[in-house]
């Protein structure tokens, strides 16, 4: 399997209904909840790409372009964008869908960097 | 868009890492957590198919074929299997993936029935 | 202690106030939360009946007869309905009570099957 | 219905399995989780007794007699112990049960005071 | 470092925004959530004071003086008030701040007693 | 009150014990949980500084310098670092403390940008 096939196969999706247990006092998705879901999506994408132990090194700029109202559906979409010797980058986009129309648009986007580690927590090559 | 296209387009996936906050004292995914995620997957699938207000009427037999160990990744996959006049059925399968191999197999499977309702909570036609 | 006494003694109740952290965008209890609580009730009932390691094999049809509004109280009630050689069945009913009247009615009902396992996860006799 | 019948009828039970999402680094039930469940039990008991709007005024001394290990089952038991003109007291005991024996003992106990309020949040008579 | 310095240095603060996932049907902070946060604050204060294993023995009277509305900010403040041979007391106050004014007042207050234990769960001297 | 006083007064701290409900399968704090807490800290800091409605525009690079083991205590510390016409920046550092020694070091650090909005969600001046 070549790298492009690995990238395609490790694309990771998480759908979620925006219910009251995830919202703030503006009745929109709390930013911290969005970030938690983005990191989980990125971690799963990185692990499914490499099938190695991966740890988050950093997140790059995360843009909250549009608020996400309660009573919508979101999809988080993660995919590998760059593969280095011991690290890789995963982009995660959040799309918001209205429940009762086909309206769908990108609301949040960010990138995460992971390194592969061995059992002694030392960086190792991504195979 | 015909029904088959609607079905394809409303397929809904939720990936999740099985961390300690979702496990029981056997160190496997708690069955109740699996069911909660299945119902959320089914609800999102039904809503994205119909773009109408949908409520759960019942779940049919849900089979827990294999225990899901902590430290794995699961994917929930929902898709519409039957469309009636005012109700539809959604099947949800849970696949378990080992983190560090490509092993993947079906672990749980079940079916949910939803009806479309109007603003007065009366059943309405699925369009 | 005979079987009927064991059944009576293992009856298991969980009361819960329906607060915003358990509701959906219709302002009713989310179906997935109901199922999670039902499985927890069933698991505790099965364990308290047998005092053996029990795992969920399947849930049978779960009927959501009535929506459960926010600001009510629910009681989940679990009791053993059938005892086989290595498996048993537990029925769980959810009753909804209004807070400020004595109104109470059944809202959800379902049945769960459990098997007893030994330390090697092999089915064993229910004693 | 006299007061004793009201007290009997409003007894409120919550069973819970002690899984990793409720424990601390000693692998016992976190004290704060115990208190949260006790307050919920007390609130439901007070509301089911009076069928009026009730708010917590205070908790009296809560004794944590025994630690509650992971992998056990707890039962919270709430019952009204004193009824005043505008306030009432609810005692909540937590019992811990081993899963695979019939051992059961009291682990935590405390008392909560509630007042009945009207729509303007003013204390009113308990009827 | 003398005791007063230890007390000053172990003062522990937790700020929290009161969002829908922590409120009850009166749209105020649920009492049980307040107690859970108070116990966590007290535990951290006691541990940071003594740097020994500490377990909660009891909470003394906790007064809920004022309801805490959704859409406010709270600060929990913990500090050691008494140091005995094997036990210590921690007071925790909850202050509520309006988001868009400088209004701030005490809403809840309580005291917790902890003992230091060794590896065999026996009480030991607080050093 | 001048800007420096406002900055000092809006410093916001959140302590948290790292228990199993916040950890991943490496037995360290899950990165997504860290980010959720950072955003909450940043939001509270920004609101307490401006006493206006604030929304997250973006997070800048967040560095995960050190893993945070289970059984430690963390402190999140937020403070305003830059005030513009309609936006401001908040830095959040996470420090990890061992429970039973005085060891403490910075583990994670990041910066968040907020804008002040009016009732129509339009950017307004920070006063």
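Letters A, B, C, D, E and F mark the chains as written, and numbering starts fresh at 1 in each.
Here, contacts are C-beta pairs under 8 Å (C-beta built on N, C-alpha and C of every residue); 3 or more make two chains touch, one makes a residue touch a chain.
Since the model is a prediction, treat every value here as computed from it, not as a measurement.
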Contact distance in steps, from chain C to chain F: 2
Each chain counted as touching chain C and chain D at once: B, E
Option reproducing the contacts of C-D, where over half of them reappear, out of A-E, B-C or A-B: A-B
Higher-contact pair (C-beta pairs counted), A-C versus A-F: A-F
Centroid spacing, where centroids are CA-atom means, of chain B and chain D in whole angstrom: 35
Rounded Å distance, chain E centre to chain F centre (Cα mean): 21
Residues of chain B touching at least two other chains: 17, 20-21, 24, 30, 40, 43, 53, 99
Contact graph of the chains (line, ring, star, complete, other): other
Chains touching one another, given as label pairs in label order: A-B, A-C, A-E, A-F, B-C, B-D, B-F, C-D, C-E, D-E, D-F, E-F
Residue ranges of chain C in contact with chain A within the complex: 20-25, 30
Chain C-touching residues of chain B, taken from the complex the two chains share: 24, 26, 30-33, 35-40, 43, 53, 55-64, 67, 110, 121
Chain E contact footprint on chain F (complex, rising order): 12-17, 40-41, 43-44, 47-48, 51-53, 73, 97, 99-102
Chain C residues touching chain E - in the complex, by the definition given at the top: 17-21, 70-71, 99
